[in-house]
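Below you will find the structure I want to go over with you.
Labels for the chains are A, B, C, D, E and F, by order of writing; each one numbers its residues from 1.
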Amino acid sequence: MKILTFGEIMLRLKTPEHLRIVQADGFEASYGGAESNVAVSLATLGDDAAFLTKLPKNPVGDAAFNELRRYGVDTSRILRGGARLGIYFFEKGSDIRPTSVLYDRAGSALAEADADEFNWEALLSGIDIFFFSGVTPAISPSVEQAVFGALKYCHSHGITVICDLNYRTKMWSQEKAQSVMKELMQYVDLCIANDEDFEATLGIHAFDGDMAHGIDQIETYRQGILKIQELYPNCKAVASVLRNLKTAEDGEWMGIYLKDGHFYESPIHTVHSLEAVGAGDAFAGALIHGLVHGFSPQKLIDFSITASVMKLMIQHDFNLVSEEEILRIMKTGETNVIR
Amino acid sequence: MKILTFGEIMLRLKTPEHLRIVQADGFEASYGGAESNVAVSLATLGDDAAFLTKLPKNPVGDAAFNELRRYGVDTSRILRGGARLGIYFFEKGSDIRPTSVLYDRAGSALAEADADEFNWEALLSGIDIFFFSGVTPAISPSVEQAVFGALKYCHSHGITVICDLNYRTKMWSQEKAQSVMKELMQYVDLCIANDEDFEATLGIHAFDGDMAHGIDQIETYRQGILKIQELYPNCKAVASVLRNLKTAEDGEWMGIYLKDGHFYESPIHTVHSLEAVGAGDAFAGALIHGLVHGFSPQKLIDFSITASVMKLMIQHDFNLVSEEEILRIMKTGETNVIR
Amino acid sequence: MKILTFGEIMLRLKTPEHLRIVQADGFEASYGGAESNVAVSLATLGDDAAFLTKLPKNPVGDAAFNELRRYGVDTSRILRGGARLGIYFFEKGSDIRPTSVLYDRAGSALAEADADEFNWEALLSGIDIFFFSGVTPAISPSVEQAVFGALKYCHSHGITVICDLNYRTKMWSQEKAQSVMKELMQYVDLCIANDEDFEATLGIHAFDGDMAHGIDQIETYRQGILKIQELYPNCKAVASVLRNLKTAEDGEWMGIYLKDGHFYESPIHTVHSLEAVGAGDAFAGALIHGLVHGFSPQKLIDFSITASVMKLMIQHDFNLVSEEEILRIMKTGETNVIR
Amino acid sequence: MKILTFGEIMLRLKTPEHLRIVQADGFEASYGGAESNVAVSLATLGDDAAFLTKLPKNPVGDAAFNELRRYGVDTSRILRGGARLGIYFFEKGSDIRPTSVLYDRAGSALAEADADEFNWEALLSGIDIFFFSGVTPAISPSVEQAVFGALKYCHSHGITVICDLNYRTKMWSQEKAQSVMKELMQYVDLCIANDEDFEATLGIHAFDGDMAHGIDQIETYRQGILKIQELYPNCKAVASVLRNLKTAEDGEWMGIYLKDGHFYESPIHTVHSLEAVGAGDAFAGALIHGLVHGFSPQKLIDFSITASVMKLMIQHDFNLVSEEEILRIMKTGETNVIR
Amino acid sequence: MKILTFGEIMLRLKTPEHLRIVQADGFEASYGGAESNVAVSLATLGDDAAFLTKLPKNPVGDAAFNELRRYGVDTSRILRGGARLGIYFFEKGSDIRPTSVLYDRAGSALAEADADEFNWEALLSGIDIFFFSGVTPAISPSVEQAVFGALKYCHSHGITVICDLNYRTKMWSQEKAQSVMKELMQYVDLCIANDEDFEATLGIHAFDGDMAHGIDQIETYRQGILKIQELYPNCKAVASVLRNLKTAEDGEWMGIYLKDGHFYESPIHTVHSLEAVGAGDAFAGALIHGLVHGFSPQKLIDFSITASVMKLMIQHDFNLVSEEEILRIMKTGETNVIR
Amino acid sequence: MKILTFGEIMLRLKTPEHLRIVQADGFEASYGGAESNVAVSLATLGDDAAFLTKLPKNPVGDAAFNELRRYGVDTSRILRGGARLGIYFFEKGSDIRPTSVLYDRAGSALAEADADEFNWEALLSGIDIFFFSGVTPAISPSVEQAVFGALKYCHSHGITVICDLNYRTKMWSQEKAQSVMKELMQYVDLCIANDEDFEATLGIHAFDGDMAHGIDQIETYRQGILKIQELYPNCKAVASVLRNLKTAEDGEWMGIYLKDGHFYESPIHTVHSLEAVGAGDAFAGALIHGLVHGFSPQKLIDFSITASVMKLMIQHDFNLVSEEEILRIMKTGETNVIR
């Protein structure tokens, strides 16, 4: 089974430690973005994953390309050209101080790419699963159009489509997001919806917006999940991460998965995170891994949420954790020094 | 409204991470000191703040000067000359290991300055509020004398005097502190007293000295605060930060403010701090900001304590947090990633 | 005498040491750009210098703003707003490996600013000297238009205009540059032309393009300089830096200055540079400083070229060298440890 | 009283922060190993401690040698020669992610040393206490033989032998460990046994292996400790650290000490550790210090466990904490900034 | 054309800047080794290059594997297993202080691999060129045997064999080297011999051992090169780098290439190197690239030596320089800032 | 033979790379000072060297103490107590930019020590050679007095006194220096005089002050050296380093040694230094080493100057170079990679 994920990878510039941008005289550089993170998760878990984007032919584009290759992602379908790589600045919060992300992604090679640069027949050749998140169509109208092209091709060629709704308030309005995502959902076979995604991208009320009480609202979430399946019958399964968040680091996390009319729910993990980004992508990557390897629904959701919270303990965007490590945490919760 | 703060800024040499000084082969360099921190808080909050000190005419003095200028403090009244910039070494603790400060400030340009180098008529021209903390008169007899000069000028020219009692056990004895501070308090319009300050600088018993139970002793604090007003009728308001401290990072913080015979008390913030210095200065800075902008007493104390605990999440001495950020934390307690 | 410089300041992201971008997992961050560098030179030399640009209202824009303030530049005329701060990536070469600059400046706040956002009457109030380089009109058509607005205002209000022709091949073609710069030169009172600037911006042949033999072609340069004055009678003086460059670090540098029909030429400095950027801006800054302080033409050119080669020994974009230090190098060439 | 500890010191290569080895492009280098850590603890506490090992005559061996000397350990008995210094790679965990140690110690100078290179008569001359841990005999058969040589010499010359059983699953099997350690225990005067050491090295069941509930099983531990004394009558005292571990950082720690048929138990310390290695060695070092200085059994165990948890707040392997600091923590639990 | 290189990649631990190992408290970590460096050169130049070695299945082995993949090397033939990755410590010299390399490679996964783990039929399937250096057979007897296996298979299946004689005095004696390399040379189609390689590995006197005068002895070198062809008629071409070295950084470099009885010689490059390792491997990589792309003999040697001296300006082991960059240096020697 | 050196060790705070102090947000921390550097040189060369100073009992004093111990210096005679450790800030120059040292040493523990804290009978017990430099008596009147005490004791007890005149213009005037040093010279057995030392400390004209032409004035130097012996008959030998300095890094160095009426002169070393401090101390250390080991006068001066220029290639203050390494450089000048 070969998976293709489609989206944007950016240069991530993080200040050292918890410095504010106005204090920093250097940035840690890494590369990440929702769909590339999913591809790296899959490659790290041992799957055959390719990533599709467009990268500028300059050293910054090369560095992003190499970083994907370094972690075993198939980069052979990536388009090269265009002006620049998108950037995001990252200030890591602490306790009551929220982590802050500043996008500088306008005018990126992918955003400026024409929809017809994507020859889906070639790009999807040999692909079994196609993944994208709601970030991708939000990038630009032409990328939105490209996503439609991909989904239609998948739909007519039996390629499974998995979508993480992944709403980004800094990228588009709820109105705009809904007008696009509702349409795209017609082609989606499995959908991941977290937190505000229900409302923002599909207009379904599942969550009152208070991140401190996501898990406490599990019943509303269940209703929201059922509503998705009701509205989008092509969508055969829905997964979701629920959270109670207390500080920038402390929270409770659980996964819920609706399949064949049954809800499978993971235990609640109480964690203090090291760097709270990429957990949703890690969840998606683990979920696809489990689907590819035929995990039972209960194992699937347990594995996915464990992978997701393990990501909270890994720096940068990629969830560089092996299947063996995830399974060990699931089993023992062992945290003593391994020596 | 223009504010002048008067005191010493030092070179702060912090070991990387939590290294002991004997382990470190480098120091992070920044600049700070109570009154300069207050000035930077004010400038960051958008106020017109000047800082007064004496800095050596050498590159280390220039660097301190530039750092103030960088964050928008008016440096035009700073005296230049003298031998050296005071230094403090900083070892960041962890849990049961206390954070440790080693002063190397003897012989600094300010400590060696003559009282008559300070031409208060010129230095206080255009100033509406004058701020100093108990650290300033503790620096040297000549600086103590200078403070008296300033306060007398303020008193006779209608400039509001705000003082953070700020006792430092490594700088002077309680006996010496009381002999000076009791005198200075005659000229103070608003006073900030925390923890041991009551006893050490004014001989008022408000706290048993156990940092683990400051908030638990709120009633004694209230009595201490009332006692201040009783003894120093010129002092029209008193503010205080109360804390229960559990470890080097974990604690509960609240603010209390006496004005016109009424106590205004903030909610209790339970926090895990990133770097527990400068919170008192952040409190003072926010308090002055609120006074300048006519905040209601309740908003004033809520805003000040929120600013203070936000500082616990910022590295180095300066509280580089905007008014908008403080208000957002006050309102929502929102800690999810902002993106 | 107050100087205003107008142009773009960018975030500069340099790889550590000599790493290639594809090797680096971090960047040193500083801020610079031709005209901001000139303003910092002037402030460091003790002059009253303001910088004009447009900066985004976000932490990256704030950091650029603060960095200027830190070094004493008057930032009160800077416009705030727009989308992003321009960036340039910097890879430091070595010997036969050239230093490489990768611009990522499209869509910057300044580039997108409308010409009529610049109210020249207000912005030039109290200004005696206006400086810009050829980079500024190359940024965008609206900035080009703004430059015309400024020059016309200066011309009619007796403000001296100084221009460093400063051709950037990655920003515009020679054809486009000439069509603009020839027009702007009508208003220029003093012009700095280096290397390829003669040909690229004014169509005057002074240099065969071989950086290894600039000084060797001094006679052609002299002709080129005379030609400038012939073509642009408003331009009362011309200065130029001539170089023989052997490697990325090694070269010979000299200055030449035409004033009142006489050529003043500095000695040749043979240097091994630490970081070969910003030397032209340091030359311009020192030249303006000398003009403001009435240096004799010979001292002016000697001082300017010494400041310029001193910049080669300073990291980042700004020439943080005092007048005293430059004069000491001019006099003694003393390089022993100062202790 | 002079103490000699015998074992291996290694180069420790830790990734920065919490990076995975596959992410890191650098390592923090320090030096450590159980018995060297004990020697440094003793020297830091003011005792006369020597360390015995074999180090290669190359710069890496020199660096380990110097690091011991730096912290006051007597290095005059160390053998020089052999091929390489053992290495261990260290990845610091976080919350549910365990800290991970990767040994690269095969073929080290000590492992390859012949037993007869150790002239115990000379090496133990002037020594009052000999300390080793279970790691030492696990290094290689020849080192195991050397340990036997040392213990026999000590036994017949009245030198006290102290052993921390210290089982390492990556170094030898329980079967092999028991066959050696049971024999060595005949010569041991005081024994430290923690967690799985009872079972793994002596075949005594004291702990079900679940690190989350060590303290909860205190009664079984007490039985295990009594069993040690029953089986090894030469062993006049037994000390043990009991722990409930919740995450990679959070846990409860207590000490227990059996002497003259009486159990002395410390309070339970609830801590969030900074770097959870070397705490057992810190415990052993403090215990020996207390024995040397005639602490009462209750003070001994309280001091030792406090030293041990203080180590959790210190980076690298060595417990660089003075007796005064330990006593202050024991007394007050004071964690406010010391200034 | 597909190239396979065979040898060992090691973890390289370099002290920061020029620190001595005894001063350093950290190491920069990268990965390199002669044959892996050649593979990366080829991949960077756009060729299809695979690397063969054996890597341990642990995070350090993974990191080496990933680093190769990052730069585009085909890692699909690499064996996994064994105990450890070889290490080399690196201290960068300066002027009269030589750069120093300390090997810690004994017991590596490759050294311990059995010769029959290498199934040459599978490993060489689809390969056109096989490259190894004299380092590979020096690793261990079993690796030596594996090399013989590979060469015999190549010889009988028309795969071109290229060998860089690459003598390492710390790995084997001249006597041992000659006994092996003379035998292996029977199968070599193109040979690279530098400096002492002639004497040490083939017993041919071409150089008096004085690195300060290699180029000065060009005539002896020419005789040595002819002698190689005379003794090993299978060897159809010989290439060599000649050097005059003045300091750890300063030297003159030239290439010489014997093909069809004619000597092709490059210009002499006078360079000041940044980090003088890997230049020989860069030469070999460029040479193979030129052969694959049918460069004329003169262009071949000019290109190879230029690539080699460019490597002197790149940090770490890999020559991350594109064909375009090498050609630009060959043509212009241009070293001005590219912007 | 046991050597005692007496003087001050300071905390050295160097900006990273070549940053100006006003640019740096961190300092590299190391420890050094003329006489401590000599002690470390001797210990590194294998000699029995002790260092005498007074260090504060705080972590910064401990770190200096440990650093000496780390490199094998006998620290048992060091006094502890006093207020602070002296500091010096260090900005590394480049080419025409001089390296700059900013002292912050006033009020140090040593400077404030009373002369009678030094019990010379105990401190000099077992000592064969006593070394100090002209920096020591310049520290304070009480230290000057202590030096007199030491020299008188040495003189009457047959302990050899070696003095490096070592004039520091920032510490005392030539007038003051001469009044002290001329007196002290009565007791000196071997004297080292460099550059301006002749004039500044002894009033002997040997050098015109132009560092670019020291070697060129060798004849005047020879006269100066002879003059020393003439004026101070107790001084049986004089050594001197002569230099032609071209830039902050480039220079020519040679040694000259007068013994028994004969001048021994080393070859001239042309070097490009990495960090030009401590070379004089390295010279003194090597000279004492050679005297202790009975080197012939010619070998002595050759060895000493080679050690001195090797120091130019080592970072920080200490010359961490072995006798073997110095001898290898003396013999071969070999600078190729050692592997």
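As a convention for this text, contacts are C-beta pairs under 8 Å (C-beta built on N, C-alpha and C of every residue); 3 or more make two chains touch, one makes a residue touch a chain.
To keep track of the chains, here are their UniProt names: A, B, C, D, E, F = Sugar kinase.
Small disclaimer: the values here were computed from a predicted structure and weren't measured.
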Duplicate of the B-C contact set - from A-B, D-F or C-F, the pair where over half of the pairs recur: D-F
Taking each chain's C-alpha mean as its centre, the one farthest from subunit C: D
Same-site or different-site touching of subunit A by its copy subunit C, using the half cut: same
Rounded Å distance between subunit D and subunit E, as computed from the means of their C-alpha atoms: 45
Approximate Å spacing (C-alpha centroids) for the pair subunit A, subunit F: 62
Set of subunit D residues in contact with two or more other chains: 20, 22, 25, 66
Complex interface listing, subunit B residues touching subunit A: 269, 271-274, 309-310, 312-316, 320, 329, 333-339
List of subunit A residues in touch with subunit B within their complex: 17-20, 22-23, 88, 93-101, 103, 168-170, 211-212, 245-248, 276-277
Subunit E - residues contacting subunit A, complex: 66-67, 69-72
Residues on subunit B engaged by subunit F in the complex (per definition of touch): 13, 20-22, 24-30, 58-60, 62-63, 66, 83-84, 87, 89, 91, 102, 104, 106-107
